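Each structure below is given as structure tokens.
In the two complexes below, subunit A is the common chain; its partner is subunit B in one and subunit C in the other.
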Partner chain A sequence: MRAINIRPGRGTALVLGLLPFAALAVAYLAGSALRLAENPSDKLLPALTTLAASIDLLAFTPDRRTGDYLLWADTAASLTRLAWGLGIAASLALVLGLLAGVLPVMRALLAPFVAFVSMVPPLALLPILFIVMGLGETSKIALIVIGITPILIRDLMLTATALPREMIVKAETLSASSWLIALRVVLPQVMPRLIDSLRLQIGPAFLFLIAAEAISSDAGLGYRIFLVRRYLAMEVIFPYVAWITLLAVLLDLALSSLRRRMFPWAEVGR
Partner chain B sequence: MTALSISHLWKEYGDQIVLEDVSIDIGPRSFVALVGPSGCGKTTFLRLLLGQETPSRGRILIDGQPLPPEPGPDRGVVYQRYSVFPHLTVLGNVMLGPEMRASRFLGRRFGAARRALADEARAMLAEVGLAGSEQKYPAQLSGGMQQRLALAQALMMRPRVLLLDEPFGALDPGIRADIHALMRRLWNEVPMTVVMVTHDLREAFTLASRVVVFERPRDRPEERDRYGARLSRDIVIWPPRLAGRTTPYDTDRMPGRDDPTPDAAAAGTTRQAEGRTHASSPQP
Partner chain C sequence: MTMIRLARMTLPALLLAATGLSATEARAETRTDFKVAWSIYVGWMPWGHAAETGIVDRWADRYGLTIEVTQFNDYVESINQYTAGAYDAVTLTNMDALSIPAAGGVDTTAVIVGDFSAGNDAVILKDAESLEEIRGRSVNLVEYSVSHYLLARALESVDLSERDVSVVNTADPDMVGAFQTPGVTAMVTWNPMVAEIAALPDANIVFQSGQIPGEIIDLMAASTAALEENPDFGKALAGIWYETAALMVSDTPEGAAARAAMGAASGTDQAGFEAQLAATRLFDDPADAVAFVTSPDLAGTMDRVRGFLFDKGLLGPVAASADIVGIELPGGVILGDPGNVMLRFTDRFMRMAAEGAL
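What follows is the complex of A and B.
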């Protein structure tokens, strides 16, 4: 039988999916045990007990100086910035993407500029943002917005212009104005794509967030990682990286289920 | 009085001439089928009637008035694909036009107005044989049902002219026969003029009251750009097929079908029975 025709059953698929995770865990444990056997004060791959103690200290013990639970305080600070960034970017992209997608005049006005701006490396703008907007929250949120909005706009514009011309003409014969075509024909059909697009931009959004927090902040997941880096505190960095990853995955799943719930019609054709 | 009057119509794209000096008068309530080889400008002609494109020369009058330069609610359209909106339910699709016409800002109606409109939409859906599918999305319907939905959606606007661009081209023969019966009945009952592009001659002669042939008189490869298509034949069906009446040759039973379904089932509604009694009664 050809390899392309061998399909795993549900159980097999689950086991196969878990296999790389298990391999990673085993590799870590083995590496850690080997290094610690050689040098008990090795910091690079801490043992599970060290990690657990560190997680307990970070997540379930109040900080001695501030009285906060560090992990939760950092998470709240970072997620607030991320939510503002993603929210502003999505709203801007929706308005501009729709305008450019529906009106040829707006497309002529915006498309070249957005294409140009989307090529600016956002991290290169970070010093400018810090100088102009100060070291507070604004500049960090601005970096996320600048980083992901142009791509969202271009994606929405492409989705809107890719709608069949027949559909737009049909709406015109149903007495729709330009506004009503945007509101009742184009907007509902680009919304699922906006959510998918946002899902793809969660990774870059975290990248910009952590970059901004690494340089100047007093709380946040990125701030903590870069703070303890000086002490080679891998027992803090590893749990934080895992936690950030988990947050991103959960955000992705939440957006995906939101899309399924809000736009059931988009699932029918899949 | 003519519904559509087209005189000396030319359509050029840059150097390429697509339609050349096309003149035709289309009477009210007629059913005109446009046929011809592929790439001869039938669809371009239909787009000109729709207002989706503007003629290079010549003019189009609708009920004596110049055609508006963009599509509008007086001309309905059904395409072979993409005629219905995938994000709306069947009922939502049919209600969309009247909703947008009545509510210019939100494009939605609420309360009693909405309920009245929904009832009207349900009646229209029953008319085209889609009763019971109101809450489905178009992607859950078969191709034939999607085209029925597209017809219902267009007819809700009570267009003076209905333009059909190979609407039944992608359907298999059995389904096509059913929808032909529906199309004929709608044309008989709804006061509208129908212009249909088709490449199926049999379909043209089954449905239309008049068959118009587009052809390029000069079709050698080196001539193709500089000479467009003209009307080469204009065939009025004999005996005349008039909206609301039948000729002895009209039958909804498709000859050659192995299992002719009963007429009522063919049209997909129970109203067929009334339609036939009316049609077979002697004309004044």
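What follows is the complex of A and C.
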């Protein structure tokens, strides 16, 4: 039998899927045990008990100084920034992407510029953003928006222009105006794609968020990681990284289910 | 199956190798190869200069050693690398020595007390003349650094506490730019940023490290284990430091050339470097350093520093008191837990230099 035809059963697939996670856990535990045997105060690969104690302290014990629960305060601060960033980026992308997708004149105006801007490395703009917009929330949100909007616009534009021409012509023969065609023919068909694009941009959005928080902040997930990095406090960094990953996965699932619920007809043929 | 077994066996090894942290290092009978990390700061520039001009190699050869000196662009990264075991010695402050390697269980000895800050660190306010006006402002600083300690000491001096201000963590390369944005009205940072910010029209220095002399100490610290394996490493470090420091302060064309070179290497020029040097109490004479480290004041300083670190939760989440990490001072006095001494101040190598016994 050829290798390409060997298909794992349900159980085998589950085991195979879990294997890399298990290998990572074993590698971590072995490495941690080795290092802790040599130096019990080692900070690099803390023991599970240390991690648990640290998570308890971060998530379930009020901070001695501020009385806040650090993990929740940080999560709230970061998710607020992320929500603003994603929200503004998605709205901008929807308006501009739709305009450029529907109207050839707008496409001629916007497409080259957006293509150009999308190539600017956003992190290189960070020092400029901080000078122009100050160190507050605005510059952090702006970085996320600048980082992901051009890609969202381009993607929407491509989706809109890839709609079957016949569909537009048909709407025209039914005497629909440009406005109506944009609203009733194109918009419903690009919305599911916008949500999918947004899902793909969650990773970059987190990247920009954490980069901005690392430079100047007083709360946030990235802020905490870069703050305790100074003290090699891996017992804080590991749980935060895991938490950020989990948040991103949940956000992805939430958007995916939103798309399915709002546009069930778009699931046909997926 | 073989693939799985292979993966099981190699993954841990790969993970360890990837982090570059093999737990067990093969050790020769007497080690002769040592690695030193340093970062840019006025009081540490001699290390870079010594490496460039061959002073390091000369002293290493004298003791039959190989000493590799590496410059880090990121101070914290250099300490983290030392703490992880990749380097045998590192330049750092007394506070960071206690909170990073010592609290991380790496027994560390301060081989050389190079200088203390006497103006290199400062609290700067915008459009305000007195420190009291800091009340209610947001203060931009590198949290948990010596700047944070300086702020705590400054607030204490006018009967305020950290509750009266709010602290915003800000990366040190962005300080100068940040001060020029409208939202920033108070800042604590160190040189060369202090000099640049103080030159701005609306900036006023309202408190500086010269007002708490001897509390922010810059060290060359080595792992106690490395020094035990081969004490010649400590001697070589002392030899390198005092030869270079003497050159650095000498009023000769060679001295001026050295200061110009160190200035250029730290992104300024000879005049800028000499201005920073003026805000530094450099211990170029080993006898002064011995007197400083053996003075009873050091115990008071370290007690304050560990109190600050404990208060900020930096001696570990499980620390019940500031006593958790023991600090040994010259003469055998121990602050904190004698069973867990992880930071040691010694006059051993500096005294040898003072007595010409290197």
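Miscellaneous remarks
We take it that the second predicted complex is superposed on the first by the 270 of 270 C-alpha atoms of A that agree within 3 Å, B and C clash if a C-alpha of one lies under 4 Å from a C-alpha of the other, contacts with A are read in each partner's own complex, and residues count from 1 in each chain.
We take it that contacts are C-beta pairs under 8 Å (C-beta built on N, C-alpha and C of every residue); 3 or more make two chains touch, one makes a residue touch a chain.
What you see is a predicted model; the values in this text were computed from it and never measured.
Contacts of A:A266 after superposition: subunit B is touched, whereas subunit C is not reached.
In the superposed model, A:P164 lies in contact with subunit B only, and not with subunit C. Residue contacts after overlaying the shared chain place A:S41 against subunit C, while subunit B stays out of touching range. In the superposed model, A:L24 lies in contact with subunit C only, and not with subunit B. Of the two partner chains, subunit B is the only one that A:T173 touches; subunit C does not reach it.
Touched residues of subunit A were counted for both subunit B and subunit C, and C has more of them. Interface residues of subunit A, counted against subunit B in their complex, comprise 164-167, 169-177, 179-180, 183-185, 188-189, 263-266, 268-269. Residues of subunit B touching subunit A in their complex: 50, 52, 70-73, 75-77, 79, 81-89, 96-97, 100-101, 104-108, 137, 139-140, 153-154, 157, 159.
By the touch criterion given at the top, residues 4, 7-8, 11-12, 14-16, 19, 21, 23-24, 76, 80, 83-84, 99-100, 103-106, 138, 140, 142-145, 162, 166-171, 174, 177-178, 180-184, 313-314, 316-318, 342 of subunit C touch subunit A in their complex. Per the touch definition, subunit A reaches subunit C in the complex via residues 19, 23-24, 26-28, 30-31, 34-35, 37-44, 53-54, 57, 64-65, 127, 130-131, 134-136, 214-218, 223, 226-227, 229-232, 235.
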